[in-house]
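Naming follows writing order (A, B and C), and every chain is counted from residue 1.
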Amino acid sequence: MAVVNGARVAAEIEIAALGKVFGQGEAAFHALKNINLKIATGEFFTLLGPSGCGKTTLLRVIAGFEQPSTGALAINGRQVAGQGPNKRPVNTVFQSYALFPHMTVAQNIGFGLKMLGKPRSEIDATVAEMLRLVRMEALAERRPSEISGGQQQRVALARALAPRPRVLLLDEPLSALDLKLRKEMQGELKRLQTETGITFVFVTHDQEEALTMSDRIAVMSAGRILQLGSPDEIYNAPVDRFVADFIGETNFLTLPVAGVSGDQAHLDLPGGTSAPARLPAGLAAAPGSSVTAVIRPEQAEIAPAEGADLTAEVESATFFGTDTHLHLRLSDGQPFILRRQNRPGQPPIAPGTRLGLVLAPGALQVLRD
Amino acid sequence: MSERGAFSVTRIPGFGLIAITTFVLLYLPIVILVIFSFNEGLSQSVWEGFSLRWYEAAFANRQVRDVSIRSLWLAGVAAGLATVLATLAVLGTTRVGRFRGQTMIYALINQPLMVPEIVTGIALLIFVASIKVQTGYTGMGYLVAAHTAFCIPFAYLPIRARLETLDPALEMAAADLYASPVQAFRHITLPLMVPGILAGFMLGFVISLDTVVITEFVKSAGQDTLPTYMLGQLRRTITPEMNAIATLFLLLSLVIVTAFFLITRTRGR
Amino acid sequence: MGGNGWKWLLCAPALVVLVLAASGPLVIVAIYSFLSPGNMGGVTWEFSTEAWFRVFFRRDIFEPDLVTWNTANLAIFWRSVWLSIQTTVICAVLGFPTAWFIATRSPRSRPFWLFLITIPFWTNLLIRTFAIQEMIRNNGTINTVLLWSGLIEQPLQMLFTDFAILLGMAYVFLPLMVLPLYAAMDKMNLSLIEAGYDLYGSRGAVLWHIILPLVKPGFIAGSILVFIPAIGAYVTPRVLGGGQSLMLGNLIALQFGQGRNWPLGSALAMLMLIVVVVALVIYLRTVGRSDGERRV
């Protein structure tokens, strides 16, 4: 069983204390370190991280292209360590699509079923169904070289879905597409996942992609999972400096702890006021000590100086179209970025202006470090 | 710049002229050779009217027919064997990671490319002579072996080039889609290697047809190929019949080379 | 994975054929060069350095202790080297502009020009040599045209001269120079030339200081590719040089024909092999060095 966003559901993939080492001795490279993970059936699960963080290695371990060095891996309750990729009920959508260039679109989609020894009639029926699912009926007899990148992407999806795997693994499948097509395919992927009910494990380095599509996200760095949670948790309550920095823009503030009650801390703000902040699970912050807290640039608003949580001086402003980033200096000298929605007729704020700031309730999050 | 017109960084005065002259010089002797194969008269430099008599003479010449068939047979067998052997060797050496002895394997495979044919020729002469004494066998086996060895590096190169450009993700995808290693090889790797294998065969075929020195030293009596026959004839008074034979030979090479070009240019299909 | 055994197994059939019909016999040649000649060709199994001695020296028939240089052999050896060097230079002089011409065509027409260079490369060497013979015979095309135009009264003797061999080898081996030169030019970054002109370089300065150094690896590769078959040439000097102008290849062949001194022929063949290996070593060293330069 896996616990997903508070609910207990059946676990499709269970990974326990899994590690992967490439090379030996001095040259050994630990690509994965003590990974523990349960992915639920029907979940859209994303592995997010910069290149080299181990997310693709983890995907390849699940697919069977790499064998784990240590630990256990079960798919649908069955241990699969030692099994080759052709023995596992998972299929992969490759970053390069890896469509067979000498086969037609239909032959590509039918390949897995053919290898499973399914009868001709069943293969034909499934291929037709898959072509319909990805809206490629008209191009069934084309070769991969004769269709566009976006169409190749759909064929790769259909090919991986055709054998009805328990889990679909997607290795940065959208990275080769241009921005507009990528947005379109994001919706398409989500639709396919809902329609088929298959568990998706999605690898990406694009935080926006991860936030918009996933049920849950595991943020990875240097072979470890740093934080696991819903997109909302990952964005609004990062518990790790790397996670907070990697996803979106954020303000890091070093603040003294005034007091602790349960999973809440009260932090002293520069200027004499104090504000509540969430503590990460298991972190005991002693009153009087300093912690790092994060707050997103859009979680503060300009307010009259009296009654404001903070006061700051504007150093510069950068126009971004939908909003303007104000680069501020707090009264104790710490920098602070404030995102301000642009509206017609709104007077510009000149450098040197002193502002009052009000923080949104619950916006402050203390980091683990 | 003094010239009118656009300044081009890639222009070097005089180079175009030299290049065109080179191309003309490269083709002029061949073109003249072909033209005089159609000459009515005996001369290979004075045109006396169009005729196909030298082609008729060549086709009627039993010796020419015999050596041509022997050449084609030898080229087919040697290139075929070399292609099979080279394909296996490519699978053993390409995309498999480095291993001990790999350099030695490369050196052995490429050795026929480095060593002058005359040296290989007399080396085989010595070797074959002693085997003939021991076994009494004087068949085509020696020529087949010599030509096969000589064709291996030429067959190896295009096959290897093809396999190297093959995306390893394709075989991974096959394995992911439940193909066993044997099935993945049969359905994915092998079909995708076919253009390289065909190219390798053609190259081997052309090389075998071209090989004269090795054949000259290895052949037993009555095993003349078209090139060694021509080499022998060049000492005598030559008639345009030789031009006709050469022209047909050229045509065959041209067809194969063109096919080779077309095959190697269609990548990823 | 089962170690590397399967890799060797896959290579084994090719290696067996190569060792039996290409590399192995070379070892026999090396051994034969240290044996005594037999009466009717062949060898007798007695160790002797006489063959190697006779490659360079000659004994007086009547006074065996009187040793002089074997000027006949040395002259042929020197002619082979000198003709090969000349061939290489001619190919370079013609090949560089030709390769440049191809490299500066539009990407669409480039394959066509490359194809034009490649065709002669793959057509039979003997036929191409025959074509040259046709051109330069006493009653061949060139003489016919010259006599007809009244420029000469007697046909020029071109066949069976060093000139004929040189012409034939340059003709036959030219593509081997053009192809690596083209490959080097193809890799060259055009903006380097533009930068040269931008920094006030004249055409000559750009050619000398920028283009030539950049295509140097192509020059070296091309030179080796021309030099090695030239030094080993047998067919071209036989057809175009007749009996008069021998090269090393013909001298070797003679020892297995009428001359019948197999150990001497073997020693000469080993000498040729040594020259080739030296050329290859020079090539590998210079290529390694210029690779290092280019990485800067």
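One rule holds for everything that comes next: a contact is a pair of C-beta atoms (placed from the backbone, for glycine too) under 8 Å apart; a residue touches a chain by one contact, two chains touch by 3 or more.
Since the model is a prediction, treat every value here as computed from it, not as a measurement.
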Centroid comparison with subunit C (C-alpha atoms), farthest chain: A
Central subunit by CA centre of mass proxy: B
For subunit B paired with subunit C, centre-to-centre distance based on mean C-alpha positions, whole Å: 18
CA centroid of subunit A to CA centroid of subunit B, Å: 56
Interchain centroid distance [CA atoms averaged], subunit A/subunit C, Å: 62
Contacts with two or more other chains, residues of subunit B listed in rising order: none
Subunit C, residues touching no fewer than two other chains: none
Interfacial residue positions of subunit B with respect to subunit C in the complex: 7, 9-16, 18-20, 22-23, 25-30, 32-33, 36, 43-46, 81, 84-86, 88-89, 91-93, 96, 99-101, 105, 108-109, 111-112, 114-127, 129, 145-146, 148-150, 152, 156, 206, 209-210, 212-213, 217, 227, 230-231, 234, 242-243, 246, 249-250, 253-254, 256-257, 260-261, 265
Residue ranges of subunit B in contact with subunit A within the complex: 167, 169-170, 172-180, 183, 187-188, 191-192, 268-269
In the complex with subunit B, residue positions of subunit A that touch it: 63-65, 84-87, 90-92, 94-96, 98-102, 111-112, 115-116, 143, 145, 159-160, 163
Contacting residues of subunit C [partner subunit B, same complex]: 4, 6-11, 13-15, 17-26, 28-29, 32, 42, 94-95, 97-98, 100-102, 104, 111, 115-120, 122-128, 130-135, 137, 139-141, 143-144, 171, 174, 190, 193-194, 197, 203, 207, 228-229, 231-232, 234-235, 238-239, 249, 252-253, 256, 262, 265-266, 269, 272-273, 276, 280
